[in-house]
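Presented sequentially are two complexes of chain A, the first with chain B as partner and the second with chain C.
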Partner chain A sequence: MRQLLNTLYVQTQGSYLHLDTDNIRVDVERQRKAMIPLHHVEGIVVFGNVLLSPYLIHRLARDHKPVTWLTEFGRFMARTETPVSGNVLLRTAQHAAACDPDRTLAVARFVAAGKLQNQKTTLMRAAREVQDSDPDLLRQAARDINAQIGVLPLTGTVDEVRGVEGAAARTYWEVFPLMIRANRDFFWLTERTRRPARDPINSLLNFVYTILANDCASAAQSVGLDPQVGFLHALRPGRASLALDLMEELRPATADRAILTLINRQQLTPRDFQQHEGGAVTITEDARRTILAHLTERRKEEVTHPLTARKTPLGLIPHVQARLMAQHLRGDRSHYPPYLHR
Partner chain B sequence: MIDLLVCYDVATTTEGGRRRLRRVAKVCVAHGQRVQNSVFEVSVTDTQLLTLRQKLLDILDPTEDSIRLYRLRQPRDSFVEAYGRDQYVNFSDPLIL
Partner chain C sequence: MTDDPIPLSGLTHYTYCPRRFALVHIEGEWAENVYTKRGQQQHQRVHGGGTEERDGVITLRSLPLVSREHGLAGVADVVEILADGTPRPVEYKSSKAPKTHKLGKFAEEVQLCAQSLCLEEMFTTSIPAGFIYHAGSHRRREVSFTPDLRAAVLVARDGVRDLLRDRVLPPPAADDRCRLCSLFDECEPFAPRAFPPGYDPFSTTLEDR
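Moving on, here comes the complex of A and B:
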């Protein structure tokens, strides 16, 4: 079984990372800041002006540990793709499935169903926790999304699946602010905006989704799937469609809930955001540290996977799902079972 | 993961001994962290433990040197007491620099 290892995040500007006797050595202004044995690290995520020595990059590539470069504000820039290790037959099966409209549709339906189900669970759970009149609105939204799940089997094309998913998303984001219980006048959300984020919640969502997408891309790659060939998401150069597919069902269960927790516990407050000219909103360095620490802790939390009935750390769920996807594409499993969060 | 305490005494009276000392230290650094001059705390998987042990045995001169591996009882923080300057880092905590 795979071990859950840690991801090293480096956001101190001007850091230099290099290889020193099988350790990652982090220097800041020529002062040694940390020595981390490579075998504790699964991958490295760096923000902005952080240098890595070529030998460290080579070594990480050889060990199949990806490096991800983000801007200082957490926007995705690049990622090393390590030499593909998996099985060619699996990848050809994946490509064949992606070319077959019926199979693509079937996988897309299950991915969307998983996402909608998890959105519903998130809403229902929040409905138990909020006071006043909001629970009814949240429950109503959950019912609406539930109705959309019923529509999925009737869809005839992937575009229709996307339409259903879009309708559910509108319902979901409309009531999303109702799940917030602290600093409500500050945290509001009118619509999802991506580049740039125009309000605090969007800036949080964009940041957490970037981190999650990255985990999913690594998971797809490590079971030998091609992260770019997806089913629900259209193929586009440079887009990790399969990673985005794997991420769909995890968005509400892990990312959205993490944000809600941090806001409701007041670990993130209005002081953690910067408003820029032109309406863009970004997160401060301290807030990013809070978020990353919270995500790392959550990754270790054990959940019972509904299908395998095994206790699995939340951080390994993308790997389990990628493996289930591989089993389906190879023909060992009649359909792709999405991850349903409790 | 298995938590280990690795301690060594390497005879440094000869040039060969000093070379062995450097090599032992390097192997230990590669697998864990230095908590005192010749004491390391190491957290490894079963296979990594085999590699670590073999590498140390390859360097060791059994007539001159001594290496001891102690298994630490889990959870580490309930059974390890450290006083004074302590630079131990738990590598399964969030690593954010």
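Moving on, here comes the complex of A and C:
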């Protein structure tokens, strides 16, 4: 079994990471801040102005541990491609499938189904937990999404699948604030928008989704898939469409859940946000630290995978799904089975 | 024969399990477990190269092998040249002889016999038998190259050639050999290919517990 190791997140500006025998040594202002054994680390994600020595980058590449560079606020910039990520036959199969409308449609349907099922589960679970807000509205939203799931097998084109997914998303985000139980007047959501975020929830979603998308892209890369060639997501230069596909089913189950938990436990409060001129909202460095720590904890949580029936840490689900996707694309499995969260 | 020669190491994987061959040689998967790790260390020791003579027997290490007639090529761990000038292949295995899976044992014999086919052609001689040395138990066992074993080499060679051409991953063996296979996780031989009962991504049941 592939081992669950930690992803090392470094966001202290001006840090310098270098190789010290078999350790990653982190220096800040020429002071040693940490020594992390390489064999505990699965990959490194750095934010903003963080330097890595060439020897460290080489060693990580040799060990097939990707490095990802994000901006200080968590926007994806670059990732290393390691020598293992070159299964050319798998990629050829992937590209052939992406060129075949029927196969693309089939994968897109399963990807969307996974996402909608997990949205439904998230809403139903919240409906059981909320007291002061309206559980019936959450249940109604779950029923509406259920109706969209029923439509999925009837879709004839990927555009139609995207339409169904979009309709479900509108329903989902409309009731999303009802799942929040703390600081409700502060945490509001106008609509789901990308950058720049104009409300606290969107700023959180953007951050957590970037982390998750990166996990999915690394997983795709490590089983030999091309992260850029997806099915539900249209191909576009610079877009990791496959990583976004793999991420769809995980958004409600891992990312959205994480945000709700942190807000409801009041580990994230209004103090963690900065309002900027012009309406943009960003998260403080401390809050990002809180989120990363929570995500790292959750990665260790074990779930039973509904298809393989194996107990699997949540953090390895992107790898399992990437492998299942690879098996499907290589003709080893007739469908792509999405991860359904329980 | 215009095709590239078939690698001898591929014959072993193929004989054990065609899917294993495809995962390693076509999909480029390689998982390390205790078996392969130990095997590699062993190989590093043996593959030092060089020649050595003792009691009239010359020991050649890492000898390149090729058979044009059968379309095979590879490297032999150890070939002993007996006093009469005939070669004997000796394959080093890290495993203990009795603990190896029955098919694994046969796969080793196929590989050894394939080496002999090459040596017979290279030395224009005939070789009745060779040895497998099990480092785990410090034992040598003799393998005689029967007509059946020779035929099995050519069957494996053809299978490997077809797989390299068609590049279709064979279905999993899903039997007891899988438990000893280092590619278990990559292969997932027992994971259901079809959806198991209760798993339905398009289900519209609404559970409210």
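Going forward, the second predicted complex is superposed on the first by the 337 of 342 C-alpha atoms of A that agree within 3 Å, B and C clash if a C-alpha of one lies under 4 Å from a C-alpha of the other, contacts with A are read in each partner's own complex, and residues count from 1 in each chain.
Basically, contacts are C-beta pairs under 8 Å (C-beta built on N, C-alpha and C of every residue); 3 or more make two chains touch, one makes a residue touch a chain.
Keep in mind that what you see is a predicted model, and the values were worked out from it rather than measured.
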Using the touch definition from the top, say if A:T210 reaches chain B (first), chain C (second), both or neither. neither
Going by the contact rule set out at the top, does A:A34 touch chain B (first), chain C (second), both, or neither? first
Contact-wise, after the overlay, does A:L152 reach chain B, chain C, both or neither (first, second, both, neither)? second
Chain A contact check, chain B vs chain C, more residues touched by chain C
If we overlay the two complexes on their shared chain A, which of chain B and chain C does A:M124 touch? Say first, second, both or neither. second
Which superposed partner A:R330 touches (first chain B, second chain C, both, neither): second
Touching A:T80 in the superposition: chain B (first), chain C (second), both, neither? neither
Who does A:Q267 touch here: chain B (first), chain C (second), both, or neither? neither
Residues of chain B touching chain A in the complex: 1, 26, 29-33, 43-45, 48, 89, 91-97
Footprint of chain A on chain C - complex, ascending: 26-28, 167-169, 171, 185-186, 188, 191-196, 198-199, 201-204, 206-209
Okay, in this complex, where on chain A does chain B touch? 3, 6-12, 15, 21-23, 26, 33-37, 39-41, 289, 292-293, 296-297, 300
So in the complex, the part of chain A that touches chain C is made up of which residues? 1-2, 86-87, 89-90, 110, 113-114, 117, 120, 124, 127-128, 139, 142-143, 146-147, 149-150, 152-153, 224, 306-309, 323, 327, 330-335, 337-338, 340
